[in-house]
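Next come the structures, one after another.
What follows is a pair of complexes built around chain A, which joins chain B in one and chain C in the other.
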Partner chain A sequence: MPDVKVNAGLRQALQIPWWFAGLALFCYLLMLVYPSIAGTYYAFTDWSGVGGFKYVGFANFKLVFTDGEALSSLKNTVFLAFTTTIIQNIVGLSLALALNGNSRLKAFLRPVFVAPVLLAPVVVGVIWQYIYSPEGALNSLLAVLDLRDWQQPWLGLPDTALWMVAFTVVWQFAGLTMIIYLAGLQGIGPELYEAAAMDGSGRLRQFLDITVPLLAPAVTVNVLLPFIGGLKLFDQVMMMTAGGPGYSTQTAALMIYRQAFTHGAFAYSTALAVVLTIGVALAAMVQLAVLRRREHTR
Partner chain B sequence: MFALSNPITGRHLLGGLACLTLASAPAVLSAQELTMSYLASYKTATDQAIAGFEAANPGIKIRASYTADGQSIRAQFTTGNAPDITLVYPGDGAPMSLIQLAKAGMLEDLSSEPWARTIPQSFRRAVTFNGKAYVPPTTYSFITMLSNDEVMKKVGASVPVNFNELLAFCDKAKASTIPIAFGLKEQVPTLFPGYAMIASTAFVDNPSFAEDHAAGRTNFAKGYKQSMEMYLQMRDRGCFSRTAAGNSNDDALKQIANGQAALYVGVVAFLPAVIKYNPDVKITQSPFPGNVDESKVRLPIGPTITYGVSAQSKHKEAAKKFVAYIAQPDNLRKWAATVNQLVASDIESAPAPAGNATAVANLLRAKRTVEYLDRNWPNSKIQPIYMAGIQELLSNQTSVDALLKRMDDAYSQP
Partner chain C sequence: MSRRVTLSASLWRVLLVGLTLVYAIPLYLVVTLSLKSDAQTARAPFAPPWQPYWTNYLEAWNASAASGNASLAPALFNSALIAILSVLVLVVSGAMAGYVLARRKGRAVEWVFLLFLAGITVPQQLGIVPLFQMMRSFGLVGNPLGLVLINTGLLAPLTIFLYTTFIRSLPTDFEEAALMDGASRLRVFWDVVMPLVRPVTATVIVIHGMHVWNDFFMPLIFLLGSGKQTLPVAIFSLVGEYSTSWGPIFAGVVIASIPVMTVFVFLQRHIVRGFSGGIR
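This part shows the complex of A and B:
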């Protein structure tokens, strides 16, 4: 009989976390899922944010794919997502490889590179806006280096503004990518490298045949998170360029905000948000499937 | 005897406290607390008005919050959480404009208020919808060209009075200074020279351009093309600095204040900011020379933002009281002085603006003015397209014709 009591107690103990999960799930459904689904309805109307509305079918969705501004914003969004993901991974992996070890200098430098991650994106946007301004630190540095011809209004030119935004995002989040790669690197046993060295493998061969395959789970996380973040980019763009000049740095998230609150086109804005949500979900699912398969085949 | 013969316990203290709370409750409940949302740039003037109103109406408190551009207030209306008193832009063309809000039934009809009987004729269209008055006219503003007297003297030029003179001035001045300080990184500054050139071209050729446009007899492509080509001429002749694309409007104000630039084009409300940045600066105000013929230069002018009562308000009578308080001539005059604008009721007599502004005063007196263009646009999509489009135009991302077509397409939308 004592066994029965223990089992009952164990069962009860195991049920407690579900209560916690249930409450969180209820809040999640109430605060996020329900409003999102209910809000989607407005994408099929002509609601301006105030007053009444009428059903317009797929007109708003049709407009998303024919409106030059929307297409330009989607193009910028995809550009930023790809650019930041690729550069962030190159920088993050390089830093992780350089700082993987136990020396005091490496231990000191690791938190230094992670520090920008702790800043709010809005703060980062404001800081870099000043750095890129005509009288800012970047142009001052170029003047000190006697490179005055290179001085530019970096955020005011369509050719440079989007790259400056991408660089800022990479600057902020490369530290996070580094930490994830570091965790992956520290999970690789040194005996694998020792065995490879005994077999005559050089550093490059070891990197390609041991490090890269065993970092596959870290790659999955480091590709997925920046890519989704890049597709949703808003704060830094809003603070640095507000989407300008023209629409040259406007992202989908920024356009959603603008359509709703500047143009008063809530229904169109909701349609854009639905398209973005579906796009992010599809991109994430495809990436996850591809990267997971790669993890298992290695 | 009772009180003295019984010890005072914690329970007695709690009971006493409860009695005190109940006794004071009616006084607390009788004070009405109104909410207000307004523009941050009008905070000082609004706070002063609130203080005066609360002193005159001890039973009413106003809790004001301020936003940079008023965009979030529209969301408050959307969610049924509108402030009792709200900013309202006169006319049409913006999400928080009178016609957009009144059309959606979001504003209280204030036609029966005393101030509604004295609305100047020239403001009637801007503050009424379907014959009903929703907001009092407050002040009017205009787009002016500020020139730094000292820099002009150094350049050895007088203030240009027609467009050819302006281009010649740019040719001469650009070697030693920035001819026109321009905050092109932001979108709003694109409106200032733009509206001034349109007023002096499209509305000179056809003074009833806005009415004809509404009736479908003309369009942007026919009326606005010349002004956009003039914008490009200004860029090509070096009127703007190389870094204008990276400057904010605030940067441009500092440039004119500190003598780094000769001219600046903007609404008159920016003049106090210039003086704040350099209290010793000597500034002259002139109309922007938006036409090759000085006699055809017009001054863009328009009623400024005002206060309305939300139809959702639970304190409508108190909110109406505040609006009536603002509309009183003395209070309005104080408010106008704080924001450096001219009182609406003075528009017929056209008093001279503050400072050295003879040329502007002459145009105001001669009624050579054109109402701010967006006030007659049928939706709030056109202005953002114009602003972003001018940025694109000046950075070679679009053409004049393509931009005009986009504006015409937006004009035809609901």
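This part shows the complex of A and C:
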């Protein structure tokens, strides 16, 4: 049976040697795996970057959950993750529904909503930093509309600053949410709506019975990506407020950076990073489980 | 019934017009403010730049030769160098690794695949301090090549996930035929597999190219103050230097954004498809 022999030889030939994966594995292990493990280890020590260090147990973590700065950073981070995810989905879905089925309008407006997605978060941060500034566009607009009473230093007040940051993030990424919803909507055949209309279902019923369940995979992506991105927010905050006023807009990622590279508190910084990592992993697992189950039961 | 439909239709229209303005005005401001002097901006922030004030661009381009920090000309070069090299290395190393993981059989393959997957959600902050120490001991802080290595490692998980799953869905017929003709495995990979995985390569180039170009956290830590900084870091320094002199700052923003926007205009379909790839 020469065929079998050839096949066996081919199967052997398709056992691609490991060195093909060498460069990727090398960079991955050296740049992400090793530093992450080492970082987790340092979180349990009093390491300051120079000299010796000793094991201190959970002391750094105890500090994270009693230190006012760390607590407000964690609170801000969770707040930003939730608000940006929710608002971004409302805006993105509205845009997708408004543009879906109107191809001329879509061709004309889609680039406007997608453009911010392509900009660097730092760049979007500068743009809104100007708009919110005391002499900026928002206050000028309020003056034009004769609403001078509403004028404020938007980023200078602890009460408004965090909302302004959240809005900036939504402004940048709602276009991405829209694109993903549009792709989901396009996968829904018009015949479904026609059949439902023939059965006498109204617009709202059709939306709830057809659009919502069939959009479930898009919802999964559109909740997961912004939420995890929200937990890791750094660029926009560093640019716009540097965490201020006070610590009212400081995020976990910003505090990790500050503690390590401004204060040299390496061990404390990595303890915070471990907390952030656990938060991200938990969020990802919970959301995947919940959203996947919903996808299946619908 | 029909009145209700028209009412909701006009509500949609109002919403859409409102949102369009919220998006269009800031984009309009970026371009117009980059062409106005500070005095013009302060007087009438929304007016078009009737007499374009090009000095802003000159200033941003050569900014502060004294500090050598914020000037955009070298930043543009560094950003391009780092983005091009990172994407190139990612595509080649990622596709080769994905090829092994897709075609090799055995338990080790599954473990390595899982090892890569685990890296997708790990925040960069977790390892940043040890990474910084290590790169400093290699003498790679302030060196664009260091950043290429970092990007290759950090973005390997997603790249490899995309290539592996795609190659697994491909039939092996073409590779077998080429191997029977006596081609080496490297040749088969390059001449047979690489052309077949072009859709993934396009996605990887778009997603990672944009990520690296716009990245701020890593270049801030590894390149700030080295004279080798990328555009986002240069913009950040520019704001520190000019504080509220918005003309040169927005000129810098325009310069930093032109490359991505140009690519977008030409590759809009691919980029949109790459973004929505998550659910297809």
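Keep in mind that, in the parts below, the second predicted complex is superposed on the first by the 272 of 298 C-alpha atoms of A that agree within 3 Å, B and C clash if a C-alpha of one lies under 4 Å from a C-alpha of the other, contacts with A are read in each partner's own complex, and residues count from 1 in each chain.
Keep in mind that, in the parts below, a contact is a pair of C-beta atoms (placed from the backbone, for glycine too) under 8 Å apart; a residue touches a chain by one contact, two chains touch by 3 or more.
All of these numbers come straight from a predicted model, not from anything done at the bench.
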(request) Please indicate which partner A:49 is in contact with in the superposed arrangement: first for chain B, second for chain C, both, or neither. (result) both
(request) Using the touch definition from the top, say if A:132 reaches chain B (first), chain C (second), both or neither. (result) first
(message) With both complexes superposed on chain A, which partner does A:165 reach: first (chain B), second (chain C), both or neither?
(response) neither
(request) Between chain B and chain C, pick out the one touching the greater number of residues of chain A. (result) C
(message) Applying the document's definition of touch, where does A:246 land relative to chain B and chain C: first, second, both, or neither?
(response) first
(message) With both complexes superposed on chain A, which partner does A:266 reach: first (chain B), second (chain C), both or neither?
(response) both
(request) Would you check which partner chain A:234 touches, where first means chain B only, second means chain C only, and both and neither mean what they say? (result) second
(request) For A:258, select first, second, both or neither according to whether it touches chain B, chain C, the two together, or no partner. (result) first
(request) For A:80, select first, second, both or neither according to whether it touches chain B, chain C, the two together, or no partner. (result) neither
(message) According to the stated criteria, A:156 is in contact with first (chain B), second (chain C), both, or neither; which is it?
(response) first
(message) Give me the intersection of chain A's contacts with chain B and its contacts with chain C, in residue numbers.
(response) 49, 133, 135, 260-261, 266
(message) Taking the touch rule as given, give the residues of chain A at its contact with chain B in the complex, in rising order.
(response) 46, 48-52, 68, 132-135, 152-158, 241-248, 258, 260-266
(request) Please give the residue numbers of chain B that touch chain A in the complex, ascending. (result) 71-72, 74-75, 77-78, 95, 100-101, 103-106, 184-187, 242-247, 251, 379-381, 384, 388-389, 391-392, 394-395, 397-398, 406, 414
(request) Quick one: which bits of chain C touch chain A in the complex? Just the residue numbers, please. (result) 5, 8, 12, 15-16, 19-20, 22-27, 29-30, 33, 42, 45-46, 89, 92-94, 96-97, 99-101, 103-105, 112, 115-116, 119, 121-134, 149-150, 152-154, 156-157, 159-160, 172, 175-176, 179-180, 185, 189, 210, 213-217, 220-221, 231-232, 235-236, 239, 244, 246, 249-250, 253, 256-257, 260-261, 264, 268, 271-272, 275-276, 278-280
(message) Show me the residue ranges of chain A that touch chain C in the complex, using the header's touch definition.
(response) 6, 10, 13-18, 20-21, 23-25, 27-40, 42, 49, 91, 94-95, 97-99, 109-123, 126-131, 133, 135-137, 140-141, 144, 171, 175-176, 179-180, 182-184, 203, 217-218, 220-221, 225, 228, 231-232, 234-235, 238-239, 252-253, 256-257, 260-261, 266, 269-270, 272-274, 276-277, 280-281, 284
